[in-house]
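What follows is a set of structures to go through.
The two complexes that follow have chain A in common; it is paired with chain B in the first and with chain C in the second.
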Partner chain A sequence: MKTYDAIVVGGGHNGLVCAAYLAKAGRSVLVLERRHVLGGAAVSEQVFPGFTFSVCSYVVSLLRPWIIRELELARFGLEMIPLEASFLPLPDGDSLCRWSDPELTRKEVARFSPRDAEALGEFALAMSKMGRFAKPVIDAPAPDPGSLHPAKVIELLRLGRHFSDAPPDELELRLKLFSMSAVDFLDEWFESPVLKAPMSVSGIIGTFLGVRSPGTAYVLLHHYMGEIDGAFRSWGFSKGGTGGVSNAIANAARHHGAEIRTEAGVQRILIEGGAARGVVLANGDELRARTVVSGCDPRRTFLGLVGREHLPDEFAADVARFKYRGSSGKVNLALDRMPEFTCRPGDGPHLRGDIAIAPSIDYLERAHDEAKYGDFSSRPYLNVVIPSTVDPTVAPPGKHVMSCFVQYAPYHIKEGPEHWPERREAFGDAVVDTLAEYVPNIRDLILHRQVLSPWDLEQEFGLSEGNIFHGELTLEQLSFLRPAAGWARYRTPVPNLWLGGSGAHPGGGIMGAPGALCAKAMLASGALR
Partner chain B sequence: MSTSAEVVVLGAGLEGLAAAAELARRGRVVHVLEARATPGGSAAREEFHPGFHASGLYPDCALTRRALLAPLDLERHGLAWRSDEPALLVPDKSGCPLLFRRDPAALDGELPPEERARFTALAELCARVQPILAGLLDEAPPDAGRPSAGELLALGQKALRLRRLGKTDMFALARLLPSSARDWMEDALGMEALRVALSAPALAGTVLGPRAPGTSAFVFLRQALAAPEPVGGPAALAAALTAAAQASGARLRTGAAAKRLRLDASGVAGVELEGGEVLATRSVLSTLAPARTLLELVPAGTLAPSVERAAQTFRARGASAFLRLALAAPPAFAGREKEPVERAVSATSLLALERAADALKYRRLPAEPWIEVRVPSRSDPSLAPAGQAVAIVACHTVPHDLSGAGGWNDARRAELEQALLAAFERLAPGVGAQVLGKELLTPPDIETRYGTPGGHLFDGELALDQLWLQRPSLVLGRYATPLPGLFLGGSGSHPGGPFRGGAGVLAARALLAAG
Partner chain C sequence: MPAPTPFHARTFPACSSLLYKEWAGCYAVKRYDVYVDREYYAVRHQATVMDATPLYKYEVRGQDAARLLARVMVRGFERFAIGRVGYVCWCDEHGKVLDDGTVTRLGDEHFRVTAADPALAWLERQTRGLRVSITDSSRTLAALALQGPRARDVLRALIGKPADELKFFRALVTRLPGRAAELAVTRTGYTGDLGYELWVANEHALALWDALFEAGAPHGLLPMGLDALDVARVEAGFLLGGVDYTSARRAPIERQKSTPFELGFDWMVELEREPFLGQAALARARKEGPARRFVGLEIDWEDFERIYERYGLPPHLETGTSREGVPLFRGGRQVGYATSRSWSPLLKRYLALGTVEADLAAPDNELEIEVTCEYERHRARARVTKLPFFDPERKKA
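Moving on, here comes the complex of A and B:
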């Protein structure tokens, strides 16, 4: 029987990136995906005939440019379409559209606050500086403050230097960004709630926090770090849906010789003599490898596929303590024709970007409060995209696909998460009702509707508690603490087993960084020599 | 110009008095200007009903920086420290409330053995870190941009001490300090009343509920650093500081409000009082709120826009209201009627704490407020006539800005008073019938009476970004301001907040070191 250099469990984008890097370095790699389609949560599926949806993750922003370059993803089919606008319809019939052209945005914002319009430029500049500062943090392995090895200590000091080496005002901004709430932070810059509400939401996506919760400000940076092929700050659609990213990575991996199997669910990781030796498939087949990489989240990996009995107690406790608490769901709509917003009737460039239903800070907080006490938000925050406006391949002519990211939909509803299937359609209705306040005839346009609760995300995509980032991206679960103290460098306490999914540093989003950094760590470690 | 002083201290609250005492002790000619008729600021003893006194606005002073105050020899000026920690009563589902003390050894019979073991482990972690934290609180923050060799050494030593605690402790701290109190409490403890006992008092001065990230840090600080309080509470501390300052020669002028600073080419030249009198001085140490000092006393346009902005953005949204009660008899707490309970919290769950904090976001009164009760007359009988009692009912989720409920008016005040009394009645049935007199202080009342913008208890919210280096901001975090001769040293400076006395002494030292 063949012994692979590496078996990658899970064909999500990180698993595929990891496989592509290992294969490119000449190692024999097998990727095993449980579902019939690759991509994990970065997947495109024809859910209804003729309508292709980015079922879960729906925009690309943080895919690392060096990964695109090193894996030549453009050559393997990656095609990005930048988002042109960020549109905020308001209940009073007004609206705000922020454009990729700063001058247009300035004019729009000036209608609400001339002072804010002036502050925008300075803010963007400050945030871009911060973004440039933060980039090296997500492009390199986490520090290791537990180690007294001189090299590690020097690395840590260098990181400290990197952090503190700035003029006082910039340093202050860094400190604030990592400890403040998105709203408090924005309050220091802007006065108009119409501007602050949609800006603040980037701080809460995928977390179980509200826009007034401390620690949400730093996520604002993600908007300014989003870069596609070097174009700073642009978010984009992948042609053919988000699965296009995964497919391009898979093509690159195959090109370099990786073997990829779908409908090959792993039942457990084979542990012999205390080390990982391969995997056992759901059908009982045993496959052997010198190393095993998990692209699954830490809970599934360690408590599911490995088993507590093979883990040191402290590590097992850390993994068990790791917080997931999925807070979002997804509603995908197949539409008969273009939706019309009352506040800006007709088709237009405002529909070619992302559309936020986030009319006020209080609205967002109320949505959060309902979730805190065990309900989905009756009026949730929605981030809506209509990719068919820019990518005709995803819907039949004249028809459209509308993807709604919905927050909050807490995994832990008060009835218990297993009762989500009974609540699912009511949740879908809440989303459609919310939309109908801005698009009155939306119900008449809907041909098909797919509702994904966090429970569904767990059942279908294997995301524990439906957390789209493989574990909350809160300060205490980042960097050298992700997923467990001292085990943030992709290695695990089980020899030959590596973790290369979003549950590893630097975390979730379609970045690809965990997979790539994991592969690089494996190659550097000598485990595959 | 009529008179002159080497240093003028603005404000005779605890910090101002501590600063004055320290400066006078070190031989400086100090004048303290206090706008109110008596010294003490919000720590002053106040008669709120004939024969009934409050020992300061917020009775809690368990986090007083005793080590920094030690050189002032306050004991010689009448201050005594308690030997015990008054137990905190927290209702429990079992019916018998928990009487909590921070010391696990003092919890005999209060906790089931396994819970006591869990709490002991938590308390021991806090105790191991205590010396490092105390060191950070009792020193001026380092210069973040250009730390001196000495500062780097001090920080390095603390890092090393932290490292010596072992990887397990270090990682535990890294994980729990940024986390929410709820996550830490639920991971570490099993009994809801115990979780509440640790969390509720630590939320005073924040605008947060226990699910907010970073609230663990405040729980940790309190558990690690709380210590026996002065006998007689904040007012006794204020009295001893006043006596110490005056004994060293500091001159205290009450009824003297500063109107603006007089400047010349080299910086501060004097202080102009309301009424026109000018006091010549080259050094001013202001313990007023940063915004008042920098935006009202300093002529506009003097400071760089970035400094003015720092003062403007320092958040000080008051969230605490107090109901002072004159009682015909000490309250008897349900389930512990026989015991002389001095402190109590009404919340039965972390969820209740969280729900109450929601009101702050919507600028409304909490539907179900939780209260923190103190019966200071239990340990200081001088506050009430013999046999009678004083109770201070604090509520930490009352917004200064009540615009979500139409703003403050008599109806809202009555509503709040009723809700607080109802909560107290649930804790101590029958207490309502004992009320002889009362005084309600809402955040706007506190603002007016004590001159603190926003009516905040500590001149600035407790939040991770408003502590240490950043209290009140990175450019102002080391007491000196960019205006030569002007220093900040109030509760809005490090350590500030509930860490009473620290900012005044450290600011005085910074002023002395500046020469």
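Moving on, here comes the complex of A and C:
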């Protein structure tokens, strides 16, 4: 029987990136995906005939430019279409649109506050400085503060200097970013709640925190680091849906000789003599490899596929404590025609970006309140995109697909998460009702509706507690603490087993960095020599 | 999409070239004709009107208005007479220039500030303890620049005798003929010529335009776009924020920032007075002296022509002013950069504005400027020249 150099469990974008790098380095690699389609949460599926949904993750920005270059993803089919605008309809009939053109944005913002319009440039400059500071942090393995190895110590010192080597005002800003709430942080720059509400939501995406919870300012930066073609803070659609990214990576991996199988669910990781030796598939087949990489989240990997009995107690306890508490769901709509917002009637460039239902900070806090006590928000924060406006491949002519990211939809509803299937449609209704306050005839336009609760995200996509980032992106779960102290460098306590998904440094989003850095660490370690 | 200014109904039909650019969120005509010449010659021989509405404008009012301006500007305004206009720059707390503009004292407790970048929040941040109010009139106050040797004749036809009495960098407030509308006139401009700027509320903008062109018809008055202005301002030796220097607010790195001394604003910095923003840093900077200086340069035309001759080509220049930065050398070492270059049709000289190491900034220093011809790099001689290049007596007379 063939022994692979590496078996990658999970054909999500990180697993595929890891496989592509290993294959490119000449190693024999097998990727095993449980579902019938590749991509994990970065997946495109024709859920209804003619309508292709980016079922889960729906926009791309953090995909590391060096991965695009090194894997030649453009050659293998990656095509990105930038989002032109960020549109905020308001219940009073007004609206705010932030454009990629800063002058235009300034004009829109000036209607609410000329002071804020003026501060936009300063804020963008400050955030781009912060982004440049954070970039080397997310593009390299996490530091290892416990190590006394000279190379590691030098690395840590360099990072320390990178952190402290800045004018005092910039240092101050960094500390604030690490400790403040998104709203408090934005308060330092802006006065208009109309501007602050949609900006603050970047600080809560994928967390169970509210926009006024401390620590959310950092998550704000995480969303500000997005980069397309060297331009920071730009977001884009992947042509054909976010599955397009995964498919391009898979094509690159195959080109370099990786073998990829779908509908090949892994039942457990084969542990012999305390080390990973391969996997056992759901159908009972046993496949052997010198190393196993998990693209699944830490809980599923260690407590599911490996088993507590093979783990050191302390590590098992850390992994069990790692916070997921999924807080978001997804509603995908197939529309008969272009929706029309009361506040800006007609079709237009404002619908070619993302649309935020986040009319005020209090609205967002109220949405959080309901979730804290086990209900989905009756009026949730929505981040809506209509990719068919710029990508005709995803809907029949004249028809559209509308993707609604919905927060808060707590995994732990008070009835218990397993009761989500009974609440699912009520949840979908709450989303449509929310939309109807801005697009009154939305119900007449809906041809098909797909509702995904965090429970569904867990059951169908294997995301523990429905967390879209494989564990919350909060400071205590980042860098050398992701997924556990001492184990942030892709290696695990189980010899030959590596972790290369979003539960590893630097975290979630269609970034590819965990997968790529994992592969690089494996190649450098000598494990595959 | 940029917004039309209140003059759009007149400027749009006149703009046969359809060449526009965006200026502070507004449509601004680059040139009305496809070629810039007619507008350029009009400003130097007749008179022109340019829509300057996109400028940012602030009304600073109240008992402490003068104190606020003294606090934020590099020159003091407490004893600034009513009816005076001052050109000034303002700095951050590190003494680095944020922007430059004019300050007009329209009344005992009323100043008008013009700026290239928005400055409302910035001004407001400095008002602690002062009885002062700041109103943003950027989009409610329309502005026209009436410039050129015949500008006074046109203005006289519009408002009568006060036109003759208005001195250089002075302001007057009158009424638009036949209307109750208040019209402010300042004897200022960005062309280095005789000229005025006219300020009126948006709703009277078209009436002002029409009245001006009626008054100006016998004097050959023409509308002028930004391209002709860009040549005129280089001849006048005026630097342009965002082109010849970077605002400290926009600069991502320190080296892009400038002190007033580096920009040749030494004359406007008044250090010995009540505390003002950047004072300590400016005192240090003055003591240390600038490391580089903003200068005028004249590029040796024969040298320039010779480079093209080698390829069998006649010398080639861009239309109007080139804003592409090019290196300056001395003895093979780069000593600075030119940021604006313009052929002066009037002076028949090839002019540049740039920044050079301070010890080479004295007039008549011989430098070299990079010239690219047929994708190959060459150097032509360039001599540091005293500014302004063009300074007609009529400007101040």
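Here is the rule we use: the second predicted complex is superposed on the first by the 528 of 529 C-alpha atoms of A that agree within 3 Å, B and C clash if a C-alpha of one lies under 4 Å from a C-alpha of the other, contacts with A are read in each partner's own complex, and residues count from 1 in each chain.
Heads up, the rule we're going with is that a residue touches a chain if its C-beta (ideal position, glycine included) is under 8 Å from a C-beta of that chain, and two chains touch if they have at least 3 such contacts.
Only a predicted model underlies this, so the values are computations on that prediction, with no experimental measurement involved.
**Q** With both structures lined up on chain A, is it a clash or a fit for chain B and chain C?
**A** After superposition on chain A, chain B vs chain C: fit, no clash.
**Q** Please name the chain, chain B or chain C, that touches the greater number of residues in chain A.
**A** Comparing touch counts on chain A for chain B and chain C gives B.
**Q** Which partner does A:117 contact after superposing on A: first (chain B), second (chain C), both, neither?
**A** In the superposition, A:117 touches chain C alone.
**Q** Between chain B (first) and chain C (second), which, if any, makes contact with A:107: first, second, both or neither?
**A** second
**Q** In the superposed arrangement, which partner chain does A:525 touch: chain B (first), chain C (second), both, or neither?
**A** Neither chain B nor chain C is touched by A:525.
**Q** Taking C-alpha centres, what angle do chain B and chain C open up at chain A, rounded to the nearest 10 degrees?
**A** Computed from the C-alpha centres, it is 80 degrees.
**Q** Kindly classify A:267 by the partners it touches after superposition: chain B alone (first), chain C alone (second), both, or neither?
**A** A:267 sits against neither chain B nor chain C.
**Q** According to the stated criteria, A:365 is in contact with first (chain B), second (chain C), both, or neither; which is it?
**A** In the superposition, A:365 contacts chain B only.
**Q** Let me test your reading of the model: by the given contact rule, A:128 touches which partner, first (chain B), second (chain C), both or neither?
**A** The second partner, chain C, only.
**Q** Working from the superposed arrangement, determine the closest approach of chain B to chain C, counting only CA atoms, in whole Å.
**A** Least C-alpha distance: 5 Å.
**Q** Can you name the residues of chain B that touch chain A in the complex?
**A** Against chain A, chain B makes touches at 144-145, 163, 167-168, 170-172, 174-179, 183, 187, 208, 211-214, 306, 309-310, 313, 315, 351, 354-355, 358, 361-362, 463-465, 469-470, 473-475.
**Q** Contact residues on chain A for chain C in the complex?
**A** Against chain C, the touching part of chain A is residues 103-104, 106-107, 114-119, 121-122, 125, 128-129.
**Q** Quick one: which bits of chain C touch chain A in the complex? Just the residue numbers, please.
**A** Where chain C meets chain A, its residues are 1-3, 22, 24-25, 118-122, 124, 136, 249-250, 252.
**Q** For the complex, which residues does chain A have touching chain B?
**A** Touching chain B from chain A are residues 145-146, 148, 164, 166-169, 171-172, 175-176, 179-180, 184, 187-188, 209-210, 212-215, 314, 321, 323, 362, 365, 369, 372-373, 474-476, 480-481, 485-486.
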